[in-house]
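First the structure, then my questions, so here it is.
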């Protein structure tokens, strides 16, 4: 009989910090669960995987995954990760953050990191709200939904995040939900293998601050909604995947190979400087 | 008592803060005293224990944090364990006696008053959610820290529109409870 | 028609400092708030979001603090009163627009509910660590006004003062709260609207052609204007002349920046609010502000009962710093203790102001909790021994 | 660790689950998304007061670990029993 | 004989500040010329037109147009304009700024103002460089082009700005060049009439800092290139309008009517609060 | 293979301060720069963009200063030396990440080539108005180091010192240049690489399991580490324990923040560089820094020729402020003049430090031009009359 | 202001241009984009040293104001002569 | 002269800054003196006048700004007008005499040295762009502020690779120029 660990992915977790801070039924945990499985599947060298987060409930992911990890400032994880990724050509840098972190305050870094096709994987847990600060409106809060800062219902149009990332230049763009654990894990595998800017939007329940306020019941209710409303359309035109009542388009929308920031830098410099060019290798 | 330090503790969702508000309002608005209330905040507080510190005094209150309480109103076992040591000599402990088991940690000289508030709320009001009002009623009688009248006005003022009567009924049930 | 909510919520309330601040801003005439959520300040804007739609105001949650701290300035130049609200990390992000407000002379109120830093620090714990940042956080030379409340009642009262000062002096006015004051419930008396001194926006009455937006017609503050009055103003953060046009030379710089500073520093007496108690012939005065003043009140009362001749000075106005008032305190006491929830900020100002007149002792901590009454009582005893 | 569902020699069960009760927050995901319906919520609470799941129908469990993938708290996992690799 | 003014649009200019600071042949001036003509065509009430700029050569536009105007901070004009626009429902707020101002440092405000469909017109003069600071690379600098910060040629992928704005939610999106003065003026008329977020990218020569460094000759050379490479495709799919060697797709790409931020706010509040709702009117 | 450029450009050069700063950074081992253009600092990054591809470094122009000020910190944690460069408005935007660097203890260098403010101000004119901002611009309690060069040569020399200090103390180190120094050409001697004292990054030699990233093994600064060494570090801007894990309580806050500050304030003597000349038994000492020190040099030389017993003190290190050195100067002279291109920043520190020991006079302006030698000579005369 | 191209009674010209020489920066746009080729760059410089355009072929000018629309410096404009409105 | 303050002024594109660099380098690198150079900056400088201030001294230079110059090297009329008043007694004015017309504003006691540098550059070198080198050559002879050798080395050092000879030729042409 094999020795029983407390959990098969415990090796990838900072078990000394468990239980984690996420609420019962919070989808962030399930997404991390999928993430650890993707890492295992890829048999990644854990010395070459670095996780960077901003601030938020999702931002706490960096604190639970047992690789070199950074919990930076609200919205700026991508910029920190850009410096890290450029300096570590052999590593994979993963940014794990919430929708507010990435698409509200961090929006500029999102579009520019995507434009530059920086070699990194971004996992954005979209729970339709700012969890950490108590449930304020975000650029992804559905129309009319209640939030602490929209007590009479949200009135702002929302982002279609996959479309925004694709329009900015992201070369791998997918969306799944935490209900779709297998597909999400597979997408994470693809994203981690993808050279360049890969982005996965993960729809996820925040039972405590989004669902309760909107009287949506328990976390499983949203899981059920994800299941029922899911329409899987790989390669879908991202302009058509905005989240609408009753229909949740999921899949791998974009997957193209373009030179990464580093690749185009090196190509340019080689062309211009020839043998005088000395590539930046960071510190090894 | 001129200055009364009241700690309230329970689980998130048990109405800890609302109880603190009712007491604070009663004192400062309906008794023309001074009162402060502080509540626990932060991600760590989410879903787990939740606490409030209420101070009442005849004069303006300086330091608003409670070190040791005169009255400890406790709704959950975890809350009990967290704060039971921090009571003054001669303090009053008002607790939910079907959720909490007292033990040797209750400091000497503390008056303990237990009430099965959950059951009362369920059986007499039909809404467990009014549990904290039952607790408040019992607190009112056990401690006499604030006048009945002020507390009742404060309740009507604090609870959602249209639920005043139900909450007062729960309050009264607590007030009238006598341990067999 | 349904009865609409009163604009000023007159009566006695039991509310926390954040809500009192929001209500005070409404009473002061604020009708536009742009913000971005951050603990422990979020309740202020949450309350605005609830109240404004029923009283003709508007709250907008912007994409970040950079936007929040300039969006409301756009509204202010349209003629309304506006503010933004934040805490530590967000406050740091607002610094460029503090400078903008100083340069444009936008009447503007910035609320900072202080939490423990640096960086993300302890988001839900109190501190008074942004006091120097409020004064010096943006680049360049400029002056600001900063007030600090010690109770929910003062949150209401002094945010009104902040708005009035911002109208009078046309500069960034900071309301430096702290987590404890923000989250503490207490008794708040909101007077009848007629009882609240509110300085309304005074727009110029000079017709287009006879008016220049940065010309001094009287005093040291230019006359305000709003868009759409026909003046065809041009407003820029570049160094500008009286007309508001860019003036790219050192003379214009000297004239403008010196005026931006002196309009504040020349009026310290008008701006400064300091509440003293028992300072005459005392052995020690505890100088403090914000929540720490409540602790000082308690500690001094306790030590006075024990026979120590101690007094208090609450700095309601922190900036501009009132050197003269400090010297006056120094002349009446034998010792000064400066108590603040940081490792030494305002104490440096006091030291500079009083020089060697009396010993200035410091009682501080690195934030995360208030200074305990025991420590303060101990310090008072130690100093007077 | 509730580990009492381990296989015994000769056991015909295809799989079982391991539950780390300290971590569980009672979200019910494992119960809901077990494809064979092997789990149910029990009436037991852990020390934090969360209701725990249990392997109510051990014979149904095939150790597919769907529970383990859904669990947000890394509190449960399924494992195959008597598989060739062991 | 009519009295001869120094220029027919002088009434719209701060003539006391002429000549302006722009270099000989700088397209910013021509775009402003078109803008003044658009205002004239619309016979706009000049008390109800406000211009807001960020920082840059283009950012100086606010200082030359004789309406209430604001020269704010680098990148943040849109945020200032949002507050102004919400407070002045009867006015038209125009943001006039460069590509760096709008799409580099100001990127976050661009995508969010577009998402919210704030009622404003944005004119972005894209001259492929940071003019004011001496010719650094921008998110629109063409591949391999020289800039002071890319002395060996640009290696970053560029934004397709119309596509980015459309993906963010902009409801009117067009692109013209300063060669196309008539079309540009007409587009400005349409944009100014459009309720909601209207955006025009104006391609423009910066002879001093972009063209000289890249040995592109005099300003007219780029004008000629605009003329020759122009392909007018109204309604084009914005994903196809990236600026490529030899082809410059121009036209009105998006023109849809959606509720503006203010409209959806008011609708939401009326629905939730009924007669208790008091609209925000700013100060009048 | 083509001969590659030497990494250190040894020799005598006639270059401006911005280029000297860039060359100095390269000599100090900097290999990653993230920046965003802004006058008058842009030439620094432009030079980096030119030099780096031939020496294995990398410059990236980020989308804004928020990104620029954190991007290089990512590179630093990968094991390289990095910096960012900006001026006034950009400096204001970097303040949140100054606090981050302080909290993470990222060895980090921020160059601010000061121009006249507030706000956009005079972009091409000099000032020394960001000196207090450098110390206090971010929220929360923290300490930093700041140096200020007075010539292109010092730009080269002291940026090397900045990098060394950032490695030694693991804190944000500011290089406070000004437009004049940045744009002034002058003679710069770049020594042979072997002659330049460069403190290399010292990563921990402790193996995973025996190492905690914020534990103090020796002295007061924790041992640095980089990613990929197997330590599986977690680094956070939240208040953290020795392991680097979030520690959400006031005790952890006290421990951490007090150490962050004391590691600097306890080592003032090690960090502080002050160049004095002719101060002993003088009638007046002009204290200044940056370009103003050159003017002081000129003015003092002139007045000495006229028989006035004047000396100078150039503060190369501004922060941490060296109170002791100020007292020492005060003990040797009869008057102090603090000259700076602002309306009074460092003069306040001097006043606080020397108390009533000697009169402290102030000579400043609102920026946009340097202080003229005539004014300074006049002030020296006036004070010694 | 070079205004010497004004119409005289009985003039058959359809249009003319007005040049504000102080503003001109000599970019040549007006010359290049005049649809009738009425303008040419002169050899005259203004006080800033910029080469000025001139109405070299007044008979060609129809006052369409294309020069005026292209001019980045608001230094030239075309106007119709003898039109009905006048 | 131990300390020499030189102002150079012209239009953007005339090589003003390059001239300043050549002088500064010559002094500080090839004569082992001290030198500083400051140039005009800013949007306002774009396309119009462009100025440089060069100081040379045997000792380290304090204040690097020129109030009144010892030598004024001027390439354009606008530059002449802007700075002609700011000359010391006995200063030397070196100017392009076909581009600039001197007038009564030249301060008394100033030595004026004109040279048709544009024409010389065009006629003798075939490249107007070398005009500033012609001016420098004439400056060298007229002022003797710096040694010929140092200036020549500095030129080779400063101009684009491969253009050294041409520029030296222009320099010599200026140096050898004698007004008829």
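Order of writing sets the chain letters: A, B, C, D, E, F, G and H. Residues in each chain are counted from 1.
One rule holds in what follows: a contact is a pair of C-beta atoms (placed from the backbone, for glycine too) under 8 Å apart; a residue touches a chain by one contact, two chains touch by 3 or more.
Owing to the predicted nature of the structure, the values given are computational and were not obtained by experimental measurement.
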Find out how few touching-chain steps suffice to connect chain B with chain G.
3
Touching both chain A and chain G: give me those chains, sorted by label.
E
Comparison of A-D and C-E by number of C-beta pairs in contact, larger one
C-E
What whole-number Å value describes the gap between the mean CA coordinates of chain D and chain H?
87
Just the number, please: Cα centre separation of chain A and chain C in whole Å.
39
So, what's the distance in Å between the C-alpha centres of chain H and chain F?
36
Residue numbers in chain A touching two or more further chains are 23-24, 71, 73, 104-105, 107-108, 112, 132, 139, 152, 265, 269, 272-273
Any chance you could list the residues of chain H touching two or more other chains?
42-44
Touching at least two other chains at once: which residues of chain D meet that condition?
none
Would you tell me which residues of chain D are touching chain A in their complex?
1, 3, 6-7, 18, 20, 22-23, 25-29, 32-33, 50, 65-66, 68-75, 77, 79, 86
Touching chain E in the complex, chain A uses residues 104-108, 111-112, 115-117, 139, 144, 152-160, 163-164, 166-169, 238-239, 258, 261, 264-265, 267-269, 271-273
Contact residues on chain F for chain H in the complex?
12-14, 16, 39-40, 123-125, 179-180, 183-187, 291, 294-299, 301, 370, 372-373
Would you tell me which residues of chain H are touching chain F in their complex?
20-21, 24-25, 28-29, 34-39, 41-43, 45, 60-65
Which residues, counting only chain F, touch chain A once they are in their complex?
1-2, 4-5, 31-32, 34, 52-58, 60, 62-64, 66-68, 70-80, 82, 96-97, 100, 201, 226-238, 245-246
